[in-house]
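In the two complexes below, chain A is the common chain; its partner is chain B in one and chain C in the other.
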Partner chain A sequence: MNKKNYQKDFFIYGVACFALFFVPLILGNDPFYINKSSTYICLGLLAVSLSLSWGYTGILNLGNAVFFGLGSYCMAMSLKLKTDAVHTGSGGLPDFMVWNNVKTLPWFWEPFHSLTFGVFAGIFVPVLLALALGFSILRGRIAGVYVAIITLAVLLVVYLLIMDQQRYTGGFNGITDLVTLKVGILEFDAYHPATYYLITIVMTIVLFITLLITKSRAGLIFQAIRDDENRVRFLGYDVGNYKTAAMCLSAAIAGIAGMLYTIVMEFASPTFLAVPLSLSIVIWCAVGGRQSLLGSFLGAIVITAGQGFLSESETFLHTWTLVMGFVFVLSVLFLPKGLAGFFEKYFKK
Partner chain B sequence: MENKKKLLSLESIIVDFDGFKAVNDFDLNIFDGELRCLIGPNGAGKTTVLDIICGKTKSSSGKVIFNNESITNLEEHLISRKGIGRKFQIPSVFKELTVQENLYVALNSDLGFFKNVFKFFNKSDREKIEEIASFVGLKDELKKTAQFLSHGQTQWLEIALVVLKQPKLILMDEPTAGMTSYETNQTAELFNKIKKTQTLIVVEHDMGFVKEISDIISVMHQGKLLSEGNASFIENDPKVKEAYLGKKGITNA
Partner chain C sequence: MDFFISQFISGLSMTSILLMISLGLAIIYGTTGVINMAHGEFVMIGAYTSWFLQTTFGMGLLVSIIPIFLITALMGFLIERIVIRHLYNRLLDTILATWGIGVLLQQFIRLTVGSELKYLKIPSFMAESMTLFGQEVSIYRVFIFVFAILTFFVAWFIIFKTSFGIRLRAVTQNKDIASCFGINSGVVYSSTFAFGTGIAAVAGAFIAPLKSISPDMGTNYIIDAFMVVVLGGVESLIGTAASSLIIGETSSFLASFSNDTLAKALVLLMIIIILRIKPQGLFTKRTRS
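For the complex of A and B:
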């Protein structure tokens, strides 16, 4: 609220983002770890998206991965259409369509020839879905656990649609064998530090815009809605509109994270919008501190990196899920506000 | 009262909760500038009447006229924008925000999302917030998170949120419930200050408090208006005595 607090937060966020730029140097530009770190940052951004809707506005969106997945597919569609003709059918038809006896490129694939359109769609398709959800459930006064159930159901519906429409979406296999992203003379190979920097820069920009929004009056109104929705309504605010806005912003962030994820993973897969990932986001935010954007971001990184580390180590090969579960239980029991709450408590002033 | 402008009128309001008529053919007229107390035994329908006025509950039939226009069953935020503020029985403030932030949320006439999305706290906001905070006696608590306020302070904070919007009419539901006698006295003083600029309807059980602040008292019983008048009139009305106050009268109730 007061200026000092603003400055402190911007400073902490700035330091954290700045530090991320040195990660490739520490890793000695090892391609495998650079790629891993890039994926963690994408997932971190996904946690920021849920932090905004759940931690700030109180909308527990269990289907948040649907926005991530849609963003990811939009990017993949654009990159797929740019692959060399050797790997595709006649006239640049994607390989999986050829295998599924699709003769011509479906109409909704056409505009993805343009990468600009792909990026645009990667943000606006999720936002449009959020808008539809907002108008139908949030403005209809559905709240709390019902929102969680409905969003989870929506996630499943989209997931099943993508699995079912193999001819147009690649089904179970997703969209694979993508061309590397090229912007002008820059080429973003998934294992190259350039991609890491691209992702970190985009993440930093998005994180700071989100921080600015949460510090604005609208951000306070979001939090007020989380604390007491009725009070906000009786102060003259249209709560449904604000909740829809929060969900749209959250969807846009998740869409961007999804697009970046496609670039590092080099494919889009239905697992990007499956239930396990979607529920993991909730855990990342809970462990990191859902009421802090940076906390959620770091929570995602700590947990996904921890998972990566444990599942690759021989000692925990078979038990790493237990360890992660234990960490989650501990943080719920002892850190109700997550890591962010812990640091705030012990390092305040 | 006759020469004053009628600010709010309820005309034969009926609220039907699945067959139970919480409010049954109820009429009420509130004039500009008065402080009306609404009393009655538990279940008389007082809170429901407030809910009807501010849009929280929808009436089954009847009309609510505010400032010469019908606001019957409008959405809550639209009624609020017409100039009706509501304070709830259970104090409703934004628990995880500071007092200052709570007030900043209420201090706003541009209510749309896009008008607020990159808007930040400025100096004139600070002045207004400090002014209202000293008005309700929370000037020293501005930086405190609302969940750490005492019960009385929480009530005052919510009163401040409501008053800050400068509504023409304020509805208060049991503002002194759970307060210490010291806090009740402070609240009575606060109400006498608010009364100077705003019209109020106050639902209250504390008869001492009612006598302290009210002009006219309306007594409800079983969803209907039982009696209306000043404190001494109500005190001596046999119907009221029977239904509510007991034989000993208002002072010892």
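For the complex of A and C:
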């Protein structure tokens, strides 16, 4: 990577992020579209997270949505405890706990009274899970398809556990009726441009930090591991540790995306960590170009926006998913580096 | 003692289902190295074909096995020919391609048949239950158990006693040398794929009456089947059968102390720990690199 390319990438990423700040002006501050655009950016950030672990380090994490979902639930738990419960139990129990005959707030809910704790948890709970997975599978020289299968199984099990423990997690309904996020005098209503700007600023910061990481020495080792794991090992690097680090970073980004998503959606639901979403993330990255952070990000935005546009009719939505399946298979067959790879080949000579 | 026997029998019932689903997956993975993420969708297609044949032509479950096997085996054959064939040199991408194919199959069913649940009847002569070791057991579950063992032996016979099986094993051991001896590895691969998907669909047709049929039913089964294959290793059919038994019985006993979900979580934890110690699975002798 020479210096000129380095600057070029920063320039392109800068322009893309800068352009996003003008979206509310173009949309004329229409609350519905502002809200929609905010959700797309959250999902774009989620794609960046997978691009780091899969595109850069070669860890095909089919269960990436689990980190997103956990981040989302942490934020939702904090915001839920700030609501005035309609059916208040003793000491402001969340409504679904009252319905499930829970008498006292479970111990793991207690610290979420603090929003600061909730935000930290939204990052560190996913990172801890990634750390546990890294220690048990990535450092055990389990690679390739086994990683893909185990991450998918972890996703499914966490999903089933959340559905099963309805008393503590809200089960199928998730955690709903959240209070709007307030930081100091700022209030982030899901339909207000302020929320859009909050999300875009966070996204820009995270995207640039990730870009810096991929350009750093560690980032080069990540890519080397992706290309030839054994060679990196023979050069004396601890591949397991680097992979675990990449997975933790990816989990942190997904957690942040999940927290932002809760703010925009105003609820947390088990569908945030279900298999279909996890599959979608893989599709966004594969079509957009998994070896490019911006490619994955834009892939996610274009595909989810298309989906949002068609989602008024169920038949349209099903047909859209069918078409996406086709596009996905075709891009795996003919464009392994996705659209970003395609553009790089023909326009970046 | 009664408790023990009843849990053991329900474990066996789970084992037979796991064995039928994972057999096709294990054969395909063992031979071609492809993890077929669409495997669960073939289970689903089998269930829907069975439902279609029953409601449209009034075909009984046993009669419809042959058309179900043939239809889906043809689908598997075509998918191998059209898509998978181009990806043997980048195996990780086969996961993506087959996952995409799974989405296509699911959406195809959603758009043509619809998303609502469908139910299949258990054949009338098997709807009763019988007494086995002092326990009431549904005849249909006993039948599935017998059939799973039968399928296992058919697969064993094909792989170890036919000339196709010899070629299949030769290609599994060393594709290049096998090709030098005049074995067409392409044909072996596509036949293996057809055989594996066919078994999956028949499994789907048999499981369908026990539960409801829906377009996304495959997802739940595929994870269990993967766990079986991962735990058993891909070297032997016996490994698949043994790990089905381990997972089936463990889940059944754990579930009796907690519930199905917690049992699933504990089984997964167990598998991850075993893999950490023995990354190639329990029943493998040599490593496959």
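Criterion: the second predicted complex is superposed on the first by the 333 of 349 C-alpha atoms of A that agree within 3 Å, B and C clash if a C-alpha of one lies under 4 Å from a C-alpha of the other, contacts with A are read in each partner's own complex, and residues count from 1 in each chain.
The working rule: a residue touches a chain if its C-beta (ideal position, glycine included) is under 8 Å from a C-beta of that chain, and two chains touch if they have at least 3 such contacts.
What you see is a predicted model; the values in this text were computed from it and never measured.
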(message) Applying the document's definition of touch, where does A:224 land relative to chain B and chain C: first, second, both, or neither?
(response) first
(request) Once the structures are superposed on A, label A:234 by its partner contacts, choosing first (chain B), second (chain C), both or neither. (result) first
(request) Pick one for A:178: touches chain B only (first), chain C only (second), both, or neither. (result) neither
(message) For A:263 in the superposed arrangement: first (chain B), second (chain C), both or neither?
(response) neither
(request) Mind telling me which of the two, chain B or chain C, contacts the most residues of chain A? (result) C
(message) According to the stated criteria, A:321 is in contact with first (chain B), second (chain C), both, or neither; which is it?
(response) second
(request) Return first, second, both or neither, reflecting whether A:332 touches chain B, chain C, both chains, or no partner chain. (result) second
(message) Let me check the overlay on chain A: which residues of chain A are in contact with chain B and also with chain C?
(response) none
(message) Can you tell me which positions in chain C touch chain A when the two form their complex?
(response) 35, 83, 86-87, 90-93, 95-97, 99-101, 103-104, 107-108, 110-111, 219-220, 223, 226-227, 230, 259, 261-262, 264-265, 268, 271-273, 275-276, 279
(message) Please output the residues of chain B touching chain A within their complex, sorted ascending.
(response) 54, 56, 76-77, 80-81, 85-86, 88, 92-98, 100-102, 104-106, 108, 111-113, 116-121, 143, 158, 161, 165
(request) Can you check the complex and tell me which residues of chain A touch chain C? (result) 60, 62, 136-137, 140-142, 144-146, 148-150, 152-154, 156-157, 160-161, 163-164, 275, 279, 282-283, 286, 315, 318-319, 321-322, 324-326, 328-329, 332-333, 336
(message) Please output the residues of chain A touching chain B within their complex, sorted ascending.
(response) 1-2, 212-213, 215-218, 220-221, 223-224, 226-228, 230-239, 241-242, 245, 291
